[in-house]
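Structures for review follow.
Okay, so chain A shows up in both of these, paired with chain B first and chain C after.
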Partner chain A sequence: MSGLTLESVDRSGAIAEAFDELTGGTRADFFRKGLIGGGAMLAALETPALAQPRNTKKDVAILRFDLNLEYLQAAMYSEAERLGQVRERTLEWSRVVGANERGHVKAIRGLLGRDAVPSPSFNFRGVTEDDRTFTETAVAFEDLTAALLKTQAVQVDSRRVLAALASLHSVEARHAAWIRHIANIVPAAEAFDQPTSKTKVVRLVESTNFVTSLPRTRGRRKPGFTG
Partner chain B sequence: MSEWFTRSRSGDARDAVDGGLDRLLTLTRGQLVTRAAVGAGAVTAVGVVAGGLPRLAASEPSREQDRSILEWLLRVEYVQAAFYDAVERGGALQGEPREYAARVGRHERAHVEALRSELGPDAPERPEFDFGDATSDPDRFVETAVALEELAVAALNGQIPNLTRPRVMTAMRIVSVEARHVGWVRDLAGRNPAPQPADRAATQDETRAALQATGFKE
Partner chain C sequence: MRPTWRSGFGAALVIGGLLIAAAVAVVVIAAPSDSSPADPALPSPPRPAFTPENVPLGGPPVVYWAPVLAATTVRDRPAGHGAMAEVEARTPEGTANLVLISRQAKRAAGRLWVRVRAAGQPDDVSGWVPRSSLGGYTPVRTRLMVDRGRLTVTLLRDGRPVFRADAGMGTPGTPTPTGRFYVRNKLHRYSSPFYGPVAFGTSARSAAASDWPAGGFVGIHGTNHPELIPGRVSAGCIRLKNRAILRLARLMDVGTPVTVR
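And now, the complex of A and B:
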């Protein structure tokens, strides 16, 4: 089974940088770990950094939508953590998952480069202070985000973007299982998770009325949640 | 080395680094037993893998490459299915671990069937495994389940970008469930279910090395 030759296509180093931000590491850190861990990673890092390949229009639209979704989750969980009104296990979840979602924001902004959009404004309308409502909302967002990323994984043009989305996708599924476990809902109900459409996610976001204003956009940029 | 095995349940950046699966932990089974005895619930059984950066196959996705990848992923699923089968046969677990094993075992068997049906009549057959006391000792069971589920997530994430799009969907629908298993069993084990914002992607070689390091006999 060693027939596949593996090599990095992360020519621009963009993924490496995004992961540096995610793991709190540095390129140098990866080098150090590479020395510990083996040649494969070193090979990936030694690939010369070239100009970042431009994302296709489709990939930009997908990544912008995801960025807005991550902004929302990061803001909601961070607020729950700051207010400290939910139960202890939920609070712990907010703290860890909030940090992860902030990491996702950075990673997706990194992938988008100059095409990144700023965050909308949010009002969570008390949801971050009520354990039951917060937990239910978090389950909905985590399940749906994982489902949406499946749909997007087959839509994106770039395999580099696909690889990055896959590495975030499984973390969203961990979040979903964890919050379900806290809420006494089966963490992994079925053998296969279903994909979902962007429309369903837009509907969920709209139903919450969490988004109070979209940032002013420049040029052709469209706010992600207007579908 | 002990910091490799002791994971605080926190989400700060330091934990994200320490909690990474990016170190090539190649523990033998003997070491696992020792660590399990010493660490009492703060143990990682098998660290999967260096890496961390998604690496793509040099060749573009193709049906031939799909086949080779699916055969590989089937092997990973075989190990998991066999593990939970042995656990259920042994009947040593109680309470939530037992419930977890029964449900997750069903999922892994369904994954095996899905991959076998994609591969058709020439799909590789399931080997026999010997998991030692990992299926009968409750602490070792949980730690081994964490390790095998982490390994499956990393293995699938590593191969997803190398598949053709219809197979990407198959793999995404499976990896999502494996990641739910990880989240569930890590919470059961009292360990941070999502210690990092991004999951690792393992190559076949890395996955194979991690599997060999378990010492589970094929």
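And now, the complex of A and C:
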């Protein structure tokens, strides 16, 4: 086992240099917010699901949580791809994995319809511009998502949602194994994978400080421009 | 030839034998392989609630901007000593200050440095700042082209024009500066008919108004004198009729690069 976790990635210092002096208190607790609301904002934008049975409250909560995690991953891969600062070899797998993660976002949003939450804003703190840290963070998030989906598989009410989550789970596990192999980490060191709890996921994601508040770029002060 | 009783008996024997053999075969095939009762039928697998498809990034290149989290110095190289400009965390209007990201990053002196474009004096400056002094990156798909000769502004989204309007610009004595700049903020609901209902702040500075209390920054805003548009009437700012600036406000994002020529 590599012992690679989000905590270890965060401790490396490559993700967040001197975070304390920068954004204390500006970080949004996006998972908690995601569970409370925000769906109404998307109501007008979403294409209604095609004659889908209504999701139970528990399934909506689980799917919203997953959506937030998928938003984070999709944003990270998209930013790395657009910035083009990691190695070409890294970009090759990142493009594939990113396209999968964006597909997950689209699919979950489609299923949630008006219950979907909007994406939070992110600050990846240089991770998308540093090859080694990007690869390590990708492994950590893919492992984390696979572990979370394992837990949720026994929690969802709907068998149809279970079938969908199972299809995500295997893809996330493939991502993890693929990137682990590239990073020279044993892809499957243990005989059994352990599930992880939502609480632990929240704690780990918060430890990265990737989720931020949008900066205030609008104001009401009288302009002082040259006129 | 007439069949004998012997041949008829033989045929009946053969048919009877075949029937018995068939019956035995049916019983053997139908019998369970062990003595336990048959397994209950398995439920059919459910149709998944969704089936994701790959979503490639696609689209034309975007520009990224980031807020300045802590005042910092723009340097000529990563961890270098040459200071090119000081960048504050706030604009004179009290909003978060922004820089454009130039997609170059390097590690130096144990830190990650990124190349940015920041508001300078008199023009934007390009140099290096610590990544830790910036917030998250936001992509922008729009670009504003300002034509001083034709007195027009054109907004492009993904390279295609989506908005065009006549504009008022600087007088010959106080010209609108030319070059590459970007939108830093968006002001609204203030009380000033002179600036119209919406005003965008840019990183451009008027050389003729550098001692202006708010730094002489050029804005893109509405007006209470629409009859002067188009024309060379301002102290450097780009003025649009109020209807046009309201439309532009719906289309143009903060961080949009601005080219004045």
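Criterion: the second predicted complex is superposed on the first by the 162 of 227 C-alpha atoms of A that agree within 3 Å, B and C clash if a C-alpha of one lies under 4 Å from a C-alpha of the other, contacts with A are read in each partner's own complex, and residues count from 1 in each chain.
Just so it is clear, a residue touches a chain if its C-beta (ideal position, glycine included) is under 8 Å from a C-beta of that chain, and two chains touch if they have at least 3 such contacts.
The model shown is predicted, which means the values in this text are computed figures rather than measured ones.
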item: Partner chain(s) touched by A:Lys150 [first = chain B, second = chain C, both, neither]; value: first
item: Chain B versus chain C as contact partner of A:Ser78, first or second or both or neither; value: second
item: Contacts of A:Asp193 with chain B and chain C, given as first, second, both or neither; value: first
item: Which superposed partner A:Ala107 touches (first chain B, second chain C, both, neither); value: both
item: First (chain B), second (chain C), both or neither touched by A:Ala176; value: first
item: Which superposed partner A:Ala163 touches (first chain B, second chain C, both, neither); value: both
item: Intersection of chain A interface sets (partners chain B, chain C); value: 16, 18-19, 22-23, 95, 98-100, 102-104, 107, 159-160, 162-164, 166-168, 171
item: Chain C-touching residues of chain A, taken from the complex the two chains share; value: 14, 16-19, 21-23, 52, 78-79, 81-85, 95, 98-100, 102-108, 110-111, 121-126, 128-130, 158-164, 166-168, 171, 212, 215-227
item: Chain A-facing residues of chain B, complex; value: 9-14, 16-17, 20, 22-24, 50-59, 61, 65, 68-69, 71-72, 75, 103-104, 106-107, 110-111, 114, 153, 156-157, 160-162, 165-166, 168-169, 172-184, 186-187, 192-201, 203-206, 208
item: Parts of chain C lying in touch with chain A, wherever the complex brings them together; value: 45-57, 61-62, 64, 67, 69-70, 92-96, 98, 101, 103-105, 107, 111-112, 114, 130-133, 135-139, 174, 184-192, 194-195, 199, 201, 206, 209, 212-219, 221, 234-237, 254-255
item: Chain B-facing residues of chain A, complex; value: 1-10, 15-16, 18-19, 22-25, 29-30, 33-34, 36-38, 40-41, 44-45, 92, 95-104, 107, 146, 149-150, 153-154, 159-160, 162-164, 166-171, 173-178, 181-182, 186-188, 190-195
